[in-house]
Amino acid sequence: MKEKKIYDYIIDENMELFVLIKSADVRLAKNGKKFIAFNFSDSSGEISAKFWDASEEDIANFKPGKIILLKGKREVYQNNPQIKIYHIRLVSAEEGLKPEDFVKKAPLSKDDMEKEFNQALFEITNPSWNRVVRFLLHKYHDQFFSFPAAKKNHHAFDGGLAFHTLSMLRLAHTIAKQYADIINAPLLYAGAILHDLGKTIELSGPIATKYTLEGNLIGHIVLVDEEIVKACQQLKIDLASEDMILLRHMILAHHGLLEYGSPVRPHLLEAEVLHQIDELDASIQMLRGTLAHTEPGNFSERIFGMDGRNFYRPQEKVQSDEIIKD
Amino acid sequence: MKEKKIYDYIIDENMELFVLIKSADVRLAKNGKKFIAFNFSDSSGEISAKFWDASEEDIANFKPGKIILLKGKREVYQNNPQIKIYHIRLVSAEEGLKPEDFVKKAPLSKDDMEKEFNQALFEITNPSWNRVVRFLLHKYHDQFFSFPAAKKNHHAFDGGLAFHTLSMLRLAHTIAKQYADIINAPLLYAGAILHDLGKTIELSGPIATKYTLEGNLIGHIVLVDEEIVKACQQLKIDLASEDMILLRHMILAHHGLLEYGSPVRPHLLEAEVLHQIDELDASIQMLRGTLAHTEPGNFSERIFGMDGRNFYRPQEKVQSDEIIKD
Amino acid sequence: MKEKKIYDYIIDENMELFVLIKSADVRLAKNGKKFIAFNFSDSSGEISAKFWDASEEDIANFKPGKIILLKGKREVYQNNPQIKIYHIRLVSAEEGLKPEDFVKKAPLSKDDMEKEFNQALFEITNPSWNRVVRFLLHKYHDQFFSFPAAKKNHHAFDGGLAFHTLSMLRLAHTIAKQYADIINAPLLYAGAILHDLGKTIELSGPIATKYTLEGNLIGHIVLVDEEIVKACQQLKIDLASEDMILLRHMILAHHGLLEYGSPVRPHLLEAEVLHQIDELDASIQMLRGTLAHTEPGNFSERIFGMDGRNFYRPQEKVQSDEIIKD
Amino acid sequence: MKEKKIYDYIIDENMELFVLIKSADVRLAKNGKKFIAFNFSDSSGEISAKFWDASEEDIANFKPGKIILLKGKREVYQNNPQIKIYHIRLVSAEEGLKPEDFVKKAPLSKDDMEKEFNQALFEITNPSWNRVVRFLLHKYHDQFFSFPAAKKNHHAFDGGLAFHTLSMLRLAHTIAKQYADIINAPLLYAGAILHDLGKTIELSGPIATKYTLEGNLIGHIVLVDEEIVKACQQLKIDLASEDMILLRHMILAHHGLLEYGSPVRPHLLEAEVLHQIDELDASIQMLRGTLAHTEPGNFSERIFGMDGRNFYRPQEKVQSDEIIKD
Amino acid sequence: MKEKKIYDYIIDENMELFVLIKSADVRLAKNGKKFIAFNFSDSSGEISAKFWDASEEDIANFKPGKIILLKGKREVYQNNPQIKIYHIRLVSAEEGLKPEDFVKKAPLSKDDMEKEFNQALFEITNPSWNRVVRFLLHKYHDQFFSFPAAKKNHHAFDGGLAFHTLSMLRLAHTIAKQYADIINAPLLYAGAILHDLGKTIELSGPIATKYTLEGNLIGHIVLVDEEIVKACQQLKIDLASEDMILLRHMILAHHGLLEYGSPVRPHLLEAEVLHQIDELDASIQMLRGTLAHTEPGNFSERIFGMDGRNFYRPQEKVQSDEIIKD
Amino acid sequence: MKEKKIYDYIIDENMELFVLIKSADVRLAKNGKKFIAFNFSDSSGEISAKFWDASEEDIANFKPGKIILLKGKREVYQNNPQIKIYHIRLVSAEEGLKPEDFVKKAPLSKDDMEKEFNQALFEITNPSWNRVVRFLLHKYHDQFFSFPAAKKNHHAFDGGLAFHTLSMLRLAHTIAKQYADIINAPLLYAGAILHDLGKTIELSGPIATKYTLEGNLIGHIVLVDEEIVKACQQLKIDLASEDMILLRHMILAHHGLLEYGSPVRPHLLEAEVLHQIDELDASIQMLRGTLAHTEPGNFSERIFGMDGRNFYRPQEKVQSDEIIKD
């Protein structure tokens, strides 16, 4: 029985399973008592649950990062999946469970992703770009392959940063081929690999992810830029060369608009393309996550990262049978 | 000698060649005399030229659509290519020249494009979408393969509409494969093929292109929608079926934002993707056109369709040798 | 006693009367129990009420569309009228009550409105416009005279769509006379009558009104346009004639700004006027509804459809005695 | 012959007539010589003309406010009417011509307008409002009946301010009747009459109109408000009474949005209505002026006061025969 | 014990002290019972507290302006200080406590502030400005020295209006000296002293501050302008003189942007400077208030008046020892 | 005679003097001939002039950076000062004139400014900030004291960057004293000194100033940030320390809004203050430059850097005698 995951249970089914506490916000109910707003997770995804009339001891025990045995019922509330809690208890050390087994993971293994990145490095034929990319991928190797791509919204899972980067690299590859007369492929690939690497400094880590002080006061865009500066000093690459100016511009401009935090707008074809495929992959990933929990023939809840729009999941028919399984 | 095209001449070289008058605006010089602001074209592209002190006879003769023998000099003025006119004369009927040979053409032949479209039709497995797409492609066949995709900006050449549509279809194909679990490929392809078909009604034709009254007062987005309505009536397809609502939504939402003229924003994953690849292909095509006339190591002029940004064309080096030739 | 309507009771008065359940949202209280947020209505208007500690049986019984006997007290909470519920029970079939008698109605009878519309049709002297308007008014006759003009906000009552249209027609009439030298009256009248007719497809009906799938993915503006296309095909009217282009433009442009969902902005004097009188009538109707429940000498609650502004209802004095009675 | 007015001449016809110089801007041609950009007017309207190679003496002579005998030709340039000047000379004092006979006038005589205003005053039954309105109409009587309503754009003619105000008063009257249950008619009429009275201080006068220093640094909205304050002091009316607060709010809020210069947004139903009918009358008047010079079947030039939109003037047919003659 | 003030208690400490009820909002808890959301204050500041299960008698007793004896515990909830109430009771008249001793006061005494203002008056060397400023400071003397500068946000304390004005006057002084070649110091000082004086009419008073009807419908900017008009009439100063136009412009333009309620934007150097130092002083004061309650090494809550930004309070170290004590 | 400077000549006076060619744009006149649009300068300021019918030899000779002997007349055209050229010739090498003597200079000498900066350095008591500021001031010493603060708009003169920085430092000093309880003065001073230092890399130099490639593609904000990174590496200061994060935030946030190119908005009190005094000093300097050329009693031309507003220069009177001399 313990083998069933959160999203293996159907609505109104009683549940008994181990889950990780991802977040635990203590709030005041309007009757003056405290409750805990939990997010639980296992490898099938995340789900929210409220724990009413929490004692001070409960609050002290049920902290983010802990694994618990959960008894409850799978419900839906205002189109969002949630759990009604019957009982929770902390697992003991002897039960031998590890937090890292209770988070959603990228659909590809780290090894497979790493192989694909290595392949791509060969196509970055400009030696300066190649050396800087290798240097930084090596320096932040572990974080790059375990961090999420964002605190929430898109690719917010273990390995999400690497997976999002890889996904963009695949798009970059296709587009570089389709418009081969005009696109500088090595520049596009180097930019794609580095564009979000600053998130390894901006965010605190793969579990209980928060913004760091650098993240809040400097931001991941400038943080990568600074890493490139340091890499060039160590590798004795001329920072003032056109090559390095172009590469830094790729990273600085990738949010597309000043309002989105880029200190410059794209002024290179490749920087414009990088920005657009970043948006494309992020949009699809957000919708993938949301539509997986939307019933066919219904609209999803409103998605913050898509300007608050809700999306329709068409009724399933034969010709689209293969689609949206998650 | 007559074989040389406009862009075969280098700067400051004397020219003698046949060109088509694409547009001819009569304006008043600040000395009180009239001049004609020409756009000439041949298959190598367009170029502007001013004809000073134009007589009423000149104005009557040198109208858009006429072919002339041009003697002049190739110049550059404020980063834009132009011609200094020494002398122009109308060609006579006996010289046997045809306007359609003097416009830039899509890089693919109509036959090749048509074959690729036919291939794509097989992948639109939903019978309603397939029938509507075939019906409308057939109805507007000639215009679709000869109209530009826009009055100016991107794909403003003979066959530009079909070429832009094909380019998007290729992107759609790649993306549908990369995100096969979530994308309804037939819907995306049907939407891509029809999305700009209304331009065949919105615009007046491939030469001396203007907006029609319908174009100005209704717009190409609603015009395709109306065509789908009429097609369904003729083909006895239920307009109120979910399939047809989805297809119409694809077209209506493809400008992405209400501010850009879509009466609804995308509320389908495929509609969002269609909007984004439309932008991507249009951006790349605009930059391809502009950067081809920008010297390496310089910024282009500001591009209206890219929010007035100018773009940098990097200095040419070995590793990017293959790039940007136009 | 049962004759008294909701708004005949004064504040703090005990109530006992039949009402219709207009909406019933089940929510979770912060003590973990469920409650129902009701909207009740009768012919005097709507009012909200909360039903605490609702059992699963209550939730199953008290659904929108049901008539109940309500015992409670009339209250005010944060400037909004509401009811404190003492007891509710479903009426039995034998009590012979009909939902349609429990909704607010337009201040004019359908017959009176219809007569006024018929009068107006005589003034649409252009035969194409006249035929299209008659055709569509006939096709959607029943919905047009029973639907509301909007889900909430303005004219959200039985017959609201026809009443709003009639109100605009009266404004159109006056303005056409005042500016007779410049306004094409038949075009303005035809546009006024058709402008919101698409709401009969966009919305689900007069009771428990929701958006349909077409409403969400296509929108009422394009839906009328499609109806005109179909009408022209059936009536053999040339869709490409200037007359029909003008009429379609009237409908498409009537929201005034692209941001408000019009795919084109007004480019005809009559289209601009239509847009402005639509806003004028909707504003006055929204304020009429809100100020009727605002005490003299106070500001109303903030009105969503008026950019969140609150409005002041002046203290009543002799000279304004006749005003605001509702 | 001298009886023909500017707009009695047809295109390409030679002209000989007296006109007033409305404005005369001296500019530098690109050949280094000076020219004068004139606006001429007579009672049929205004028209522009360029006077090339102007000598210092010409510049000294041909000043705004002078009447000249003009010989030239009526032309059209880029959809705008203009005159090609053959010769101009100043008229002598003996010719006995007066500038005030050479400006366009409101379509109603001052006497007729004044009668209609007097009628309206009877309907302002609130004594405070009535006294303030009478006081200010009397104080600014001459300016009110001779000033334009704006420097350019709408109602920019002799008596334009009174005519625009009267036009709004007629709309106000109709609307107050149609929504008699909710609108305080005396408040709406008082607001309508005073709303633009500050323009008599903001602008310099009916001929060669400029902004005054008060106009630039304070603006007509606050200037009327100050006049109401002074009137109340003189008439011993309590400025802090609700009546006077409401009246001041009507004026202060009549531009509708803070961005348009109102220091407060409308928070009274009557203030909202006043704002909307101000826009409605101004829009119609701007379009009346522009469409009168637009050929049927064409789009007008872009109109600054209508967000830069151009408007289509439909082809004339029987049923609209009576329309747009100007 | 009664000597300890609200902010002398540390977190989790039990409290027993007299406080003033600043505001008392009655709300409905989600269990159907009423509670009171209090703001209590004494001279150390304000703090919020919730009173659960309030009876009708409680609601009638515990009104804003009353002094109570409070027993409770000092807590923190979501980074905001609050109090958990154990018991409250009204003080009796015999206890001899006065509301004015229970509000926060400006850090300078009224006498000290008044002296500094008097000093400044000597530097307003233009006689018209000097007389108007003296006249209005005298007329609104008591309100000016006791009102807050705003309902909430910045300088919301007893004497806040005078203190904010004085703070700006000090900035004005320094800036006038640093840019003495270009700034008209008397104009800047006169504008600074009068700029917010209208708040004495816009707001209801120092305790339980609300907007008056004039405040809502006219606003403090125009209200001062009206006061200047009345002062000039009484002092027989020519309102149409350049001096008085400049002074009124200073006040009218001081919000800088039309969107912020100024009917004109600054068109005088001194008006631009006045606007900028108003923003500067308000920003610093808002941050001073917020950071005083933020723990070192943490971000504050989001500040509405600073576009919703949160601010970081650095960790305390030796060199910044003197800073932020409040 | 040669001693007289550009702005020593009065309007309509004949001139003969040496000037530097600051810029020389070749344009096409509407008669088909070329002309040169010059900006000339000497130590009294800049002025524009047009050189008609320029030969190819003229174009080749009269390049930016050359000194010429100019004969002409001082004129005014549309409120802007300009020169009518009679004759120009290049000076010969023997005449011994140096370009650096022909540019406007900061009103303080470099030595005086440097002394004031050195004073300020003593007040930066935090050792890390002190060392970084000294290091970078030393590294870019010569550029810092000779570059302008902007290409045009404010402080566009020799030494303008240092002068603007010093001006801000003086404001910072005053404000740090006035709000000493809350402002970290050393942080504010360090931020003020470094905030625009990146302009020494963004711009090409003091004469014929252009944007560099780094300037265009990276921007001065990120360029200083990179310099701080490099300085820390060389000085072995921990970049991840809170001190260095705060300092970098000061620089990155100093444009205040993302739209203005800051990659983060201010989240430190000192960063907010730095942003506001940057705006204040830049505004005053722009107005100082513009008003110096505006006649009393007139409005200036519209100023691009002040949102296109024009500013009024009041009529001069006794009490403002000392003001605006430039």
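When the chains are written out, they are named A, B, C, D, E and F in that same order, and each has its own residue count from 1.
Basically, a residue touches a chain if its C-beta (ideal position, glycine included) is under 8 Å from a C-beta of that chain, and two chains touch if they have at least 3 such contacts.
Everything numeric in this text was worked out from a predicted model, so none of it was measured.
Peer 1: Give the chain pair, either A-F or B-F, that is connected by more C-beta contacts.
Peer 2: By the number of C-beta pairs in contact, the winner is A-F.
Peer 1: Which of A-B, D-F or B-C has the same interface as C-E, meaning more than half of the contact pairs match by residue number?
Peer 2: D-F
Peer 1: Overlay chain B and chain C by their C-alpha atoms and let me know the rotation angle in degrees, rounded to the nearest 5.
Peer 2: The two chains, chain B and chain C, differ by a rotation of 180 degrees.
Peer 1: Calculate how many whole Å lie between the centre of chain D and the centre of chain E, each centre taken as the average of the chain's C-alpha atoms.
Peer 2: Whole-Å distance between the two chain centres: 45.
Peer 1: Distance between chain C and chain F based on Cα centroids, please, to the nearest Å.
Peer 2: 60
Peer 1: Using mean CA coordinates as chain centres, what's the gap between chain C and chain D in Å?
Peer 2: Each chain's C-alpha centroid was found; their separation is 38 Å.
Peer 1: Mind pulling the chain E residues that touch 2 or more other chains?
Peer 2: 29-31, 213, 216-217, 242, 246, 267-268, 299, 312 - these are the residues of chain E that touch more than one other chain.
Peer 1: Which word fits the touch map of the chains here: line, ring, star, complete or other?
Peer 2: Looks like something else, not a line, ring, star or complete graph.
Peer 1: Per the touch rule above, enumerate the chain pairs that touch, sorted by label.
Peer 2: Applying the touch rule to all chain pairs gives A-B, A-C, A-E, A-F, B-C, B-D, B-F, C-D, C-E, D-E, D-F, E-F.
Peer 1: In their shared complex, at which residues does chain A touch chain C?
Peer 2: Per the touch definition, chain A meets chain C at residues 29-31, 33, 35, 50, 52, 77, 299, 312.
Peer 1: Show me the residue ranges of chain A that touch chain F in the complex, using the header's touch definition.
Peer 2: Answer in residue numbers: 213-214, 216-219, 221-222, 225-226, 229-230, 233, 239-240, 242, 245-246, 248-249, 252, 258-264, 267-268.
Peer 1: Quick one: which bits of chain F touch chain B in the complex? Just the residue numbers, please.
Peer 2: Within the complex, chain F contacts chain B at residues 27-32, 213, 216-217.
Peer 1: Can you tell me which positions in chain E touch chain F when the two form their complex?
Peer 2: Touch list, chain E to chain F: 125-126, 167, 170-171, 174-175, 178-184, 186, 242, 246, 265-269, 272-273, 276-277, 279-280, 283-284, 287-288, 291, 299, 306-307, 309-312, 314-315, 319-320, 322-326.
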